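You will see chain A twice below: alongside chain B first, and alongside chain C after that.
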Partner chain A sequence: MSLAAAIRTGEVAELPSRRDEDWRWTDLRGLLRAVPPASPPGDAAALAVGPFAVLAEDEVVFLNGRRLMGLDALTIEAGAPRVLALRFVSQAEGTAHHSDFALTLAPGAVLTLLESHESAGEAYVADSALDIRLGEGARLERIVLIDEAADAIAVDSAEVSLAPNAVFAQAVLTRGARRQRSQTRVRHPGGGARVRLDGLYLPAGARLADLTTEVLHQGVDGTTSQLTKGAVRGQARGVFQGRIVVEERADRTDARMGHHALILSERAEVDAKPELLIHADDVACAHGNTVGALDEEALFYAEQRGIPEAEARAMLTEAFLVEVVDRIEHAGARDVARAWVAEHLREEA
Partner chain B sequence: MAAVKQTIEHVEALEAYKHGFSTDIDQEFAPKGLSADTIRFISAKKDEPEWMLAWRLEAFERWQSLEQPTWAKVAFPPIDYQDAYYYAAPKAKDGPASLDEVDPELLATYEKLGIPLREQEVLAGVQGAPRYAVDAVFDSVSVVTTFKKELAAVGVIFCSMSEAIREHPELVKKYLGSVVPTSDNYFACLNSAVFSDGSFVYIPPGVRCPMELSTYFRINAAESGQFERTLIIADAGAYVSYLEGCTAPMRDENQLHAAVVELVALDDAEIKYSTVQNWYPGDKEGRGGIYNFVTKRADCRGARSKVSWTQVETGSAITWKYPSCVLRGDGSSGEFYSIAITNNRQQADTGTKMIHLGRDTRSRIVSKGISAGHSSNTYRGLVSAHPKAAGARNFTQCDSLLIGKSCAAHTVPYIEARNASAKFEHEATTTRLSEDQLFYAMQRGLSQEEAVALLVNGFVREVLQELPMEFAVEAQKLVAISLEGSVG
Partner chain C sequence: MLNIQDLHVRVGETEIIKGLSLSVPAGEVHAIMGPNGAGKSTLSYALAGRPGYEVTGGSITLDGEDLTALEPNERAAKGVFLSFQYPLEIPGVPGLTFLRTALNAQRKARGEDEVAAPAFLKLIREKAAALKIDFEMLKRPLNVGFSGGEKKRMEILQMAVLSPRFLILDETDSGLDIDALRIVSEGVNAMRSSDRAMLVITHYQRLLDYIRPDKVHVLAAGRIVASGGPELAQELERSGYDQYASAA
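== the complex of A and B ==
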């Protein structure tokens, strides 16, 4: 059951619904009566510049599910650190498309992956699937900016598998869409491999942003650190589902998960499910979850200093969210992310 | 430290499951299987009015259209609902009028279980010792309820459900099914159709119940299920503390226990509900044991009402229950304190739901899960705030402790905040017993088992403190027994 399968077969019954436990807060079946027709090729000449254009050495672009340049599968060899931009652009109206991409990092390879989901259309249905493999000691930092149309339905899924001593770090930043989910599933072999899975959502209007992750600890000595923060405005909804599984014998696993959200308007909603499923005893696993409003005293203080209320709210919210951005290692990407957060926080809700 | 010392002494004198005996007593059964006729049989046995039978039959019809849910993290073979007795009762001579008429075998059973059924025995204790009234439910019927006269003097109604249906139909009609509707879930629906006995409590406005009330549930008959129904109503400004205990004989078969407990708290009322659940957990290989599939819910209907659930879950092959609070009244509050211990092949999927509907509602959840052996222990909980629940507050703490390599501990919290002024905090940890601490305790001359009991008691202390005195001591012993043989 997945959006990809529904697009491929045209069967509405393939769409996940709220009866599926993992989709209870992000219902797709109730939203679509029929799977929209396939998207047309799109106009490559009308393509805008991507958000990470100045930072990347190479670029792989998918337009309406079709690859414009680069390869469907890419292997990064060991050597000097590389920076790759991966763009999924939807230039469609009322149609559906799906993209597939596979990325392999050879042992010892180092890559910064700057991924963007961009929109030049409306009411489309977009799905993308990424298959990422990291060899022994490889290092990948993946930064994802999701900027879909307000009335789009978009799901991106990444399957990540690591070899021992590999390092995988990720930050997903999203404004949501009519329904938007970013899901990441990591197979963690332990053996000194490290995973950082961060997320940030700031949906406004009637958008829904869903960050779903699953980490399977399958071997001894694995580390996972996870921090997701969100702010919801208008009638928007933020969804966080984080699952950490420690399989039998995956001893000495150290996994930490944090999710903290601000509800900034009366009609906004946050739904969270931070799960720990532990089958080994020698572990240290913890999660923390908080949901609340902005601190009224801090707001009052800022207003006392002559800062208009709207700006004061944006400032305080930004200060709350920026912890996630600060964890991004690539300096250029960090600046882009910070500017992106600041810009979208000051938009009309 | 006295309690700790007692635990240690108890560990030395461990018996695996001391309530595992069965009583050989003349019993009568409903015909095996489940049909509308079974329900008519039960209703007739209890001499119920027509409206009660109609209610049961409607529930049965609904139940037939439902499917057994599968979402919990518990695994068990399909249950054959036709292969069980839905009614089993000790043969009585027109209902005993006094204790002297109760079958001596039954009295001996309760004596063996340590439940005081004779009021003077309770009084004979130490001067000033707390007294508590008992409703003893044996398979499908209540055999005796103590202190009824004294309670009636202050207006408190404490009797078996069957009696309440006959004597207080207006209260039963008003409240039964108002917290857990017939079709709430599969097992609640089954219970509504075939429920036998349970306790009924009504505390009138402004009354503080003068003693602890308790019900002791005992499954004795083989191939039977127990489907008790409990209803507690605390009228405006009333207070009651209620305890529940349960045991069953050791058998190779699995027996179903599907109870429904409904609590109603009106304005400024407070209900404290404590459970020490010690159903037979099955043997080391997971043979036998009770399936404990229970629906417990409190409706904090009145403003500033309060309900507190405390549970110590050590028994049952499978525990699947979520004592919940619907915080409807403005300023109402709910609490949930839980210790769930699983050992050998036991499975538990338990937690709570705190549903904030009213303004300024508060809830607090403290859950301590301990898994050992090959067991699986899941905390599953929901905290939600409705758009109208301005100022809702929740604090949740879930800690899990793993003892051994083959057990599992899961934490699955659901948080749904639909209110900007709601403040929800949740924290959870999963660890094993600290080797340093074990080493330290053993250095001081404790055996490994004593050291484990000491550390575990420290781990669950926060919850034990919430239990009424006489239960706390009992629960502490249970904790030690349940973990017997889990280390080394």
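== the complex of A and C ==
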């Protein structure tokens, strides 16, 4: 069951529901009585500029599930580091669409992938699936900015497989939607391959933002470092599900997972499920999970110095979240991400 | 300058300040001394408007303007500055960012133009040098990992940059060695002027050797029970606070 299957078949029964353990906090079945009709092609001439426009050498654009030019697959060869923008734009009202894209990095290839999920519509249902393969020694940094409409339902899924000595680093930043999930599944071969899997969510209003990840450590000598931070306001909900599985033969795995969230209003909620499933003996694994409120004393201190309460809250929340942004390696993308966080924290809850 | 009339302050269900009256004219430095639990910190928080410190009676005015109805940041923009006994650590916010945000927020509230970055940096460099604060420290998150003395110097730096009209120093000497006490006191004394007033809250007389008050008040059980000149502080140092237990 998946949103993609529901869109393809039109069968509402295909939608994930709260009966599925992995979807119990992000129920889709209960939201939709029927699968909406397919989205029309969209107007390419009306496309706005993407959030990473000035940083990327090349751009791949999906509009309402259709790629504007070229094939739905791309291979990056070894050579000079490249920067690619990948945009999923929803220009739809009350309709549904699905996008598929496959990205392969040849051995030794180096790529920064600047992915954005953009909205130019409302009440749409958007699904995207990304297949990412990294060859031996390839390096990919994937930065994902999710900016969907408040009343949209959006799910994006990435399946990532790595060869030994590959490096996969990811940061997903989202402000959620009516229901929004970003899920990433990594097949980790060990063998010196390294994974960084970071996330940041800051939903306000009645939005829900869900970051779900799974890393399967399948060989010796693999590392995973994961840091997710969130701040929820209004009646919003944040969901974090992080699962790291260390399979039987995956000795000398080093896996660290951290999830830390701030609840900034009485009606906001955070649901977190960090899971470490370890079937090997010789591993170093740790996880930390905290959910709390802003320090009222620090807030008063800032106000006493003349900073209005709303700005003080935004400033302290930003300071809490920015640790995730600071781990982004691409300097230009880091600046875009920091500005994006600062802007959305200063919007009305 | 500052006028407090028959002030009553409650924290939770407990009345801590019980009818306190005090007047600090411009140009003067007044000390408030008192035993632990007398209400010294409550008074400073009530003046600054900390949530949870409820004024249930009386008035606080600054140059005739009522402060009790104002938010903490509005009081700050009017010129009230509270130097904290234990300055807070603000992870993730560099000292420079914090201070520039505070200064410009105050200026905006007063209808003044914001200070541009170059002018701000010039001001900060000058004031930091006077307080022997390494400029690099200001790029670090405010007060995080700083020693007690460094935190107090940061308080005085903020005071110097924000240039308030009414200063409240809450137990500023706590946790300071003699060298730090001297630097901090010099910083405070440099702020003394005819259009500014200060309230120095302290348990011990020691601080008053460095910051000489014009008047000394004794606070016990939520009221001012004695007032006098600097000699009153000397007398308290000799005879202790016990004599005021009955007056309270």
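Here, the second predicted complex is superposed on the first by the 348 of 349 C-alpha atoms of A that agree within 3 Å, B and C clash if a C-alpha of one lies under 4 Å from a C-alpha of the other, contacts with A are read in each partner's own complex, and residues count from 1 in each chain.
Note that in this section a contact is a pair of C-beta atoms (placed from the backbone, for glycine too) under 8 Å apart; a residue touches a chain by one contact, two chains touch by 3 or more.
Keep in mind it's a predicted model, so treat the numbers as computed, not measured.
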Overlay on chain A: chain C relative to chain B, clash or fit: fit
Apex chain A: angle to the C-alpha centres of chain B and chain C, given in degrees as a multiple of 10: 80
Which of chain B and chain C A:Val322 touches, first, second, both or neither: second
Chain C versus chain B, contacts on chain A by residue: B
Partner chain(s) touched by A:Asp58 [first = chain B, second = chain C, both, neither]: neither
First (chain B), second (chain C), both or neither touched by A:Glu21: first
Contacts of A:Ala286 with chain B and chain C, given as first, second, both or neither: first
Chain B versus chain C as contact partner of A:Glu309, first or second or both or neither: second
First (chain B), second (chain C), both or neither touched by A:Lys273: first
Superposition-derived minimum Cα distance between chain C and chain B (Å): 16
Chain A - residues contacting chain B, complex: 21, 248-249, 261, 263-293
Residue numbers on chain A that touch chain C, as the complex places them: 295-298, 300-309, 311-312, 315-316, 318-320, 322-323
Contact set on chain B toward chain A in their complex: 71, 387, 400, 402-432
In the complex with chain A, residue positions of chain C that touch it: 48-51, 71-73, 75-77, 81-82, 84, 87-93, 98-99, 101-103, 105-106, 109, 141, 158, 162
